Amino acid sequence: MTQKLDLVLDELVTANRILAREEVVDSFGHVSVRHPERPDRYLLSRARAPERIEVEDIMEFTLEGEPIDARDRKPYLERFIHGALYEARPDVQAVVHNHSPSVIPFGVTGTKLKPLLHMCASIGHNVPLWDSHDKFGDTALLVENMDMGRDLAKSLDKGRTGLMRGHGAVVVGQTLRQAVFISVYLELAAKLQMQAMPLGSVKYLTDGEVDKVINRTGPYTLDRAWENWCRRADRTMNASV
Amino acid sequence: MTQKLDLVLDELVTANRILAREEVVDSFGHVSVRHPERPDRYLLSRARAPERIEVEDIMEFTLEGEPIDARDRKPYLERFIHGALYEARPDVQAVVHNHSPSVIPFGVTGTKLKPLLHMCASIGHNVPLWDSHDKFGDTALLVENMDMGRDLAKSLDKGRTGLMRGHGAVVVGQTLRQAVFISVYLELAAKLQMQAMPLGSVKYLTDGEVDKVINRTGPYTLDRAWENWCRRADRTMNASV
Amino acid sequence: MTQKLDLVLDELVTANRILAREEVVDSFGHVSVRHPERPDRYLLSRARAPERIEVEDIMEFTLEGEPIDARDRKPYLERFIHGALYEARPDVQAVVHNHSPSVIPFGVTGTKLKPLLHMCASIGHNVPLWDSHDKFGDTALLVENMDMGRDLAKSLDKGRTGLMRGHGAVVVGQTLRQAVFISVYLELAAKLQMQAMPLGSVKYLTDGEVDKVINRTGPYTLDRAWENWCRRADRTMNASV
Amino acid sequence: MTQKLDLVLDELVTANRILAREEVVDSFGHVSVRHPERPDRYLLSRARAPERIEVEDIMEFTLEGEPIDARDRKPYLERFIHGALYEARPDVQAVVHNHSPSVIPFGVTGTKLKPLLHMCASIGHNVPLWDSHDKFGDTALLVENMDMGRDLAKSLDKGRTGLMRGHGAVVVGQTLRQAVFISVYLELAAKLQMQAMPLGSVKYLTDGEVDKVINRTGPYTLDRAWENWCRRADRTMNASV
């Protein structure tokens, strides 16, 4: 195993622990990263709660979701979310799937989620809603094969976030830190919008503002949050990978 | 005492601690399990807050609520909830009674609680509302005899969950893990529905979706949550019983 | 100092710590107990956040609010709330004054706070609202003399709880445990009512139900909560005093 | 370094930790203090999450935001908020900039934030709203130069608090303790107002009441909260500076 891969595995464990500590995931939800040396593979934990994940839990998958060396480790049923996004989006290096509580109401009503706080501009201009029922009818709502994964990935187009009706959200990033950052502030965006709407007509960020914030949200910003979240999750911060 | 019984007692202590840690119960509420060797008996703590319960607190009761060996332990007044459900429902192996905050508003208004998130499909197709006042008039709202327990049990029919007006909820399961799981996600279901309703017309899960999720929610899912909850509640996870 | 007094002082420290741990008070708010041997005196901490209070902080006051042995300890400005209630109500042995967040909205709007959950029946049939502005005009809203204290005490009549406009609440009990119990569930009552009202017409507890719950809420119930709260607040539970 | 300066630096670290512990800031937001010996300078941490800040992180700046001795420490981009306020307001000794969640909805809707609880009178009679878009058009919403800082400072006039559209709030004080106190209760004021408004017409504090509370909120009050917050944030309380 190369040193680069070691660092990526460590960062992925940290990402899991942070998402749990910051309450973006509960016992469910998952986060993956594209393999640093093989872009046709990705790394994702075996089926386990994010708060518990150790480096030994991380498995390697083909984009179609075949485990490379499963041993006795059982994979997440919904790993196809990850593979389909890496397949459709060469720009994507990390994927989060979660059910954070405030995003759920936006997935089951006609209300569009839009950023109203600068920290939340990272969710992007458009947060599309994917309803598995449209194409697949009655299911357990789980993305359990590549067909469903590809349909979901298509709904995101070139965006960074998407909602899944009755299920949750998906977030993509160019790094693990970015995907985690967007996931934390997607939850906040949803919570704030639910609180602001009853107060009156909401002035959302303008399109120009969203662009400018996104352009400004680089390592200077991401690493400040990451350092803090690492300490809160009792993890050591490494150089970004 | 057989080894099987030892494991069940330990699992019941864990269930109490998890329900407290996950804020489904406060100082009140309780969880029981059918006796593994005598289906006409059930196991339930003496009257004590779930967060404090030790294995020595667990008492054995007949279905009518008579303690087998009380010693100086005072039972919960509302143990009849448990006995009446085991009596009416041979399929039920575990019962939770709780007052988790978000379910209360649904018990005092005409609003029907329905699953809108896949994780919450476990609450079932129909969450009936039992009002002790209908048959028993002004009481302390406590289920303090078998008459009241049987009336409540009847309201559940073959379902998994039921609300009690001005009081709380009852949840049944085929295992302790399932009953705890449903209780945690019943609270979430209620919280999410209260948040979604002001946003617009809510698209609940279809009946077909609820069925498919329920069929999928087996040990693969329950044990993932249980492992996580055990660690959060500082308990050791054993094999399921 | 008699042993009885020692126990009362210890119980009062515990009451302070519990109210802080259960988030009924923040850095402000206070709880007192009538002197166990001199009904014309009461015991109350010096001006300090409840979460920090030690037995050395407890001072003794006449009902008019004169400290008996102040030494260098500065009293709470609002101690007159306590003295006026002990003066008007020989049945009262303990008083809590707090600003718990959910009760505040009921103090500044015309909405009447009423119990809808059996655990909250302890707040009583009627929660009156006292507005210092009615008689005293523009003030700092603090009850800073016996005149204001007596006016507030009068508003409670024979009740157990009262709201103060723009300020908070006052709770009285026959024991410290009862006053703390009512304070915790007053906060919950307010929170639940705010959540239930948007769902539809609320079915509150009937008058008969409130009476029956109150009659049932004795040591069996209070001590179960107290044991749990003591452990959460890292305090030893003694026999009730 | 004089002893006075040492105490100020220590107090500033404490202020950071308290704001994080009390959830007024997350990984972002910052607090500064005017230099105790050079009123044309201020002290502010390098760009780091408030929960992590150590005394070595504190930098010294001119009012224009030039670091005196940066070494390898990267400053906050938005330090101009602080300098502009110290420049415009000789009465101001401490400044907090934060994004605490409940204030955000008031910054994006037409609803005016006003104190309804005595503890919140400290936010002042008028909480103005500054919209960077009015004068600067589409930006990343960050106050990244003295022009923007001065425009924001002007919006506060002689007040203690101000909202920033789509961004957060700014609070000024005559001491660090006062600025932190106001920040904590600004968040509470916003939360309570959001909860009170749906209950009916809100009776806010009168102007006379706000004045009287402000006149009363001196060290007796501020230090009680500060002692408590220090312990919660695991910091030692010193004499006020």
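Just so it is clear, A, B, C and D label the chains in written order, and each chain counts residues from 1 on its own.
The rule is short, and it goes like this: a residue touches a chain if its C-beta (ideal position, glycine included) is under 8 Å from a C-beta of that chain, and two chains touch if they have at least 3 such contacts.
This is a predicted model, so every value here is computed, not measured.
Chains that touch both chain C and chain D: there are none. The minimum number of touch steps separating chain A from chain C is 2.
The two sequence copies chain A and chain D touch through a face in which the numbers common to both fall below half of the numbers used overall. The geometric centre of chain B is 46 Å away from that of chain D, both derived from CA atoms. Distance from the chain A centre to the chain B centre is 33 Å, each centre being the mean of its Cα atoms. Counting partner chains per residue, chain D has residues 198 touching two or more of them. Working note: touching chain pairs come out as A-B, A-D, B-C, C-D.
Chain C meets chain B in the complex at residues 116-119, 188, 191-192, 195-196, 198-206, 208-209, 211-213, 215-216, 220, 224-225, 227-229, 231-232. Chain D meets chain A in the complex at residues 26-28, 47-49, 51-52, 74, 77, 99, 101-102, 104-106, 108-111, 133, 137-142, 165-168, 194, 197-198.
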